[in-house]
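Heads up: the structure comes next, in structure tokens.
Chain nomenclature is as follows: A, B, C and D, assigned in order of appearance, with residue numbering initiated at 1 for each chain independently.
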Amino acid sequence: MQEVLAILIDGITYASWLFIIAVGLTLVYGVMKILNVAHGSLYALGAYAATSLGGYWLAHGYPPVGTYGMLALAAIAVGLVAGPLIERGLLRRMYGNEEVVLVLITYAVFLILEDLSKLLWGVDPLSIPEPYSLLGNFEIGGLVYPNYNLLLLAVSLLVGAALALVLNGTRQGKILQAVIHDREMSAAVGINVSRVYLVTFTVGAMLAAMGGALTAPSIAVQPGISADTIVLAFAVVVIGGLGSLGGAALGAVLVGLVRAWAVHKWPEVELFSVYAVMALVLILRPKGLFAVPEARKI
Amino acid sequence: MRDRTLVLLAAALAAMLAAGFLLPQWINTLTIAIAWGVVVVGMMLMMRTGLVSFGQGLYYCLGGYSAAVLHKFYDIGDILVMLLAGMLVAAAVAAVLGLLMAKYRDIFFAMLSLAFSMILFGLLVKSEQLGSTDGFGLSVRSVAGAALPQGHERFVVFAGAAVVAFVAALAMHRYLASHLGRLAGAIKDNELRVEYMGESVRKLIHVNYVISAALAGAGGALAAITIGHVDPEMSFWTQSGEFVFITILSGTGSVLAPFLGAIIFETVRSFAYEHSPNTWQMVLGFTMLLVIMFLPGGLWSIFQRRREAA
Amino acid sequence: MTKVLESRGLNKSFGAVTAAADINVSIEQDSVVGLIGSNGAGKTTFINLVTGYLQPTSGSIHYLDRDITGLTPRQITRLGICRSFQIPQLFQSLTVQENLHVGVGIAARTHPQAGAAIADEQQEIQTLIERFNLRGYRSQLASQLPEGVRKLLDIAMAVAGRPNVLMLDEPTSGVSADEKFRLMDMVMQALKAQGVTVLFVEHDMDIVERYTHRVLAFYEGRIIADGEPAAVLKDAEVRKYVIGDTHAGAH
Amino acid sequence: MKSWTTLLRRVAAGAAVALLCAPAFAQQPKPIKIGFVTFLSGPASGPFGVPAKVAAEAIVESLNGGKAPAPHNTKGFGGAPVELVVIDEAGGTTKQVTEYRNLVQSVDFVIGYISSGDCLAIAPVAEEVKKLTVLFDCGTPRVFEEGSYKYVFRTRPHATMDAVAAALYLLDTHPNVKNFAGINQNYAWGQDSWNDFTLAMSVLKPDVKVTTSQMPKFGAGQYGAEISALIQSNSDVIHSSLWGGDLEAFMMQAGPRDLFKKSQLILVAGEPYLHRLGGAIPDGTIVGARGTHGVFAPDSPLNDWLKEIYRAKAGTEPTYPAYSAANAILGLKAAYEKAKVAKLQKSIPMGANKGVKEETQKAYAAGPDQDEIIAAFEGLIFSSPSGRMAMSLGKGHQAVSGTAYGTTKLVSGKVTVTNIKRYPIEKVQPPEGMTSADWIKGGMKAK
């Protein structure tokens, strides 16, 4: 019983972390049909920026509470700088290429950013633990958990709700869905697709960076975190169905729970539990749980 | 047309052997490039069929481990046997997985193949009798029963690889010129029409999938023999990513292109390693971008343009 | 006359929409049948059901007294029912020659009777190119062909299967008015050589009148008229719902 | 007996120094190029790769200036200046073997490799291309237990002793431990550390139970579930060979959850993080440095020298990778100079008092060839910042040394290590010709 509870809590915590990272990826794919490998690098940049800004804040003796602001600032800054730079500077010239070519382009960006962040921040693990410990803990079923996990959960719920609202509740959202459904059509009816792309990619970058910034307090930020994260995020969005918001959420929860279960019950398989789930889901539902359907006229 | 490629391939083989003979210090890089070229020839076939695998490392790794296991557990040191074993194991696994993979397209094909290669990675990391992430070593003694000449082992391995590459390329060229080869392009263009002409798209994809896997297995075995060591990295997604890159770099223009692409890739990487050890990834990244931007058709498009111009 | 194709109580509905309602027809060997009806009347649905692109909600389809309901397009094609498409389905990156080569190659290897009939693939391709007057485009990429030629090639591909029953979905759509007859003449000429039953969807009533022995008029998934072209085209309902003649009621 | 040989060696070394420093030979010999392969990118670059590189560069600078304390105070290697060619170790064995083959064409010796996989792959290649290669930081015993090499040396003891000494120290300090859990990365190092440790424990105290073994994937970063599982296992002891960012992340996430209030923590490779983790390391944590490195290094002029030149370059205390680098370079230097002395001594005609200068000058100019250096390296005993290293396993190619473990204690905000226990070679290392596994199973007896 106690163990089941632990599995649930650990799984959900992991899921909320996964979701924040995956949701940006699935959004960008849904709108732009780009599976963005550099999403992992943006995640890393967010984490690095968070350690720098947070460190700067504390170094000046400002109240530690402010570090949360720094985390947010890091996410926004990275998103606003890297997003437009990559979309306008690079991807824009590449639309119309095959999906794989676009994937490869983002893979190149990933390699470049990997070394760039190394040049900017060095190779030593960096950390900004204050926000993690600051909120204190809660105890349940004999297990102590940091309240920071609750914050993580809250943020991911907020992000999910906000996106769902924008997509379904606002005019911009409707436009976005029009683009998702049919690029040519929406261009024909006078939607400024190029601007939609710019905004979407920037938001995606921001979400990736936010994932990094929110993770930074609980990990050591160092080279390699981007690669480890991106494949995981891929798995989540593919399981959920590329381009589907609800899918990303469900995928994250599924992966989170399975992994937590494996850790508690069967540690040997933890290593590839995620990929096993991904393979299984794809076998049962070839386009993921919530595939976005495409009709074909002949 | 066919004869021109045959001549071209023969010339390339001769040039290769000459290069290996004159620049022995290049033999290792060349052999690896050739091995990867063989893998990419297979990926080229898939790409012509309209599918790109982000998990070809799966078969590359299976090929390498099959060769290495023969040496470790059965004390077999024959290059030919190892090569065939690598191909067969890869092909056999592909024959089974193909039943499933043939249903998938686009990014889903890429992702599912990635999942399978990462599962193999996980299994190998778990298997401590296979050395986990450290992997284990292998060595070769003979080719088709004939013992390797003392002091010239590396050249023989290299020459063997070159011959294998020659055969693979020629066979692939013939295949692409055949009815089935034409169908590859047809499937990429319009599966519906292929079905409405009365041919099974899934069967064809399955066949091509097995062929490309066999080639990846051969490449893996060659690489393992050349390096003298195997480890799970062979199945990691970044390895497959490099294969995809070389495939795009080469383009689908000619069966010769993959080897050119692989050699250039290896050279660029070695150069970057030696001259900017801290930023070699960045160098690779920019190279990729430049190629994709200015040679969208792959390296071979250069030659094709020249031909059209002439 | 032997009947080659027959549908019994064929129904197909997408959710609330009914695309085919209790369709019972039987087609005689070597007849040329026109399918008319406004957009969404169920013409293409009928073709898609016969050729296996869609599965009927209920009812069955029979070909030479064999139940072919539930077979895949591939299997049906191999039995000798071939089709063309409203939007030409070509291999865009291949030349006209290669397109036909693929088609003939598949037919020769997979269709029982076509396989027997096709002695020399190159010869067969040549014949098709001649019959459909594609000589000038032989080595052009399909993606670069003018619309009319794309239509021709699309039909030629269907014919390459040496069909026993050929279904053409709007063969003259997208073709300029003066070219329509030339195109249809060409197609019919090409088909005379081999005894073929033809069903084609057409909006131009002159063409229907000129080329068909029989007309099926569709409306909201039902067949509202079936018979000699002249008769059917005079039918009040047909004039009202298909030809869209507003004075139909007054006659 | 041993003392005699060492005495003789000292004399020889003294003579050598005398000879080498003699003004008669004050001409500049050609520089010696050493390829240095270490992680410059990837997760291992921060904690291991770059510290090793920084140390190597600092050491070479200082050696070329002749500023190192005796017995390493001759300029460079026996008077010849040393140059480093640094290569990134990242990318897996395929790339490494290729790069190694390119590297050996332009350098005289190769020092390198932190990853055991790379060491296993490189050793046979080194043998094939006949290039003296010193493995400096990888730990797997397989290198010399599964193979035997002429051109390959390893100047750090293999990893068996880390696990064995951890078990010994645990039982010395906590004799009545009933059960233990483990959290180790799911790759060769993590698996080996855990297996050796559990094996050693089962031999030393058969009634101890294993509660759970957590094996998160390398670089997992998130350990919430693992920590819950460890808490619920109610273990007396938690064994971990985590390192780098993974270790830091684990500590940051486990600390606030009171895991260490319940369980005694052992960090096999914890030493490099003491100064980084600071408060995050709970008092009373058992830490090792994979040898007598860092805080466990004996006080000596050499140790002070390394600390000083490393601090000057990096601004932090040298951690064990720095010591590994020092062992490799100084070991090679010692072998080189021993060989040179031998050559010089051979070149002195017996009883003659004419032509001595010419002969020795010729020999000096020539310098020792690779085979002479190898002969000198085999079984060599040399002093390094980590103490006395003896190349006595693997037919004289594998270094052994004692090791030490200690317990952390927070003193005025700074983490210190107290209650240090040192374990001599024969207690933590298998004798020649016996695999680590068999030795541990056999009760870890000295021969």
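Throughout what follows, contacts are C-beta pairs under 8 Å (C-beta built on N, C-alpha and C of every residue); 3 or more make two chains touch, one makes a residue touch a chain.
Note that this is a predicted model, so its numbers are computed, not measured.
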Could you give the fewest steps needed to travel from chain A to chain B through chains in contact? 1
More contacting C-beta pairs: A-D or B-C? The answer is A-D
Whole-Å gap between the CA centroids of chain A and chain D: 40
Taking the mean of the C-alpha atoms as each chain's centre, how many Å separate chain B from chain C? 45
Roughly how many whole angstrom separate the Cα centroids of chain C and chain D? 79
Just how far, in Å, is the C-alpha centre of chain C from the one of chain A? 50
Each of the following residues of chain A touches two or more other chains, namely 114-115, 118, 227, 268, 271, 298
Out of chain C, which residues touch more than one other chain, so two or more? 89
Contacts with 2+ other chains: residues of chain D: 40-41, 186
Under the definition above, what is the set of chain D residues touching chain B in their complex? 40-41, 86-88, 92-95, 97-99, 101-103, 105, 115-117, 120-121, 124-125, 140, 142, 147, 186-188, 191, 195, 218
Using the touch definition up top, name the residues of chain C that touch chain B in the complex. 51, 72-74, 77-78, 82-83, 89-94, 98, 101-103, 105-107, 109-111, 157-158, 160-161
Residue positions on chain B within touch of chain C in the complex are 179, 182-183, 185-186, 188-190, 192-200
Quick one: in the complex, what on chain B touches chain A? 52, 54, 100, 103-104, 106-108, 110-112, 114-116, 118-119, 121-123, 125-126, 192, 237-238, 241, 244-245, 248, 278-282, 284-286, 288-289, 292-293, 296
Of chain B, residues touching chain D in the complex: 25, 28-29, 32, 125-126, 128, 131-137, 139, 223, 227-231, 233-234, 236, 239, 266, 269-270, 273-274, 277-278, 280-281
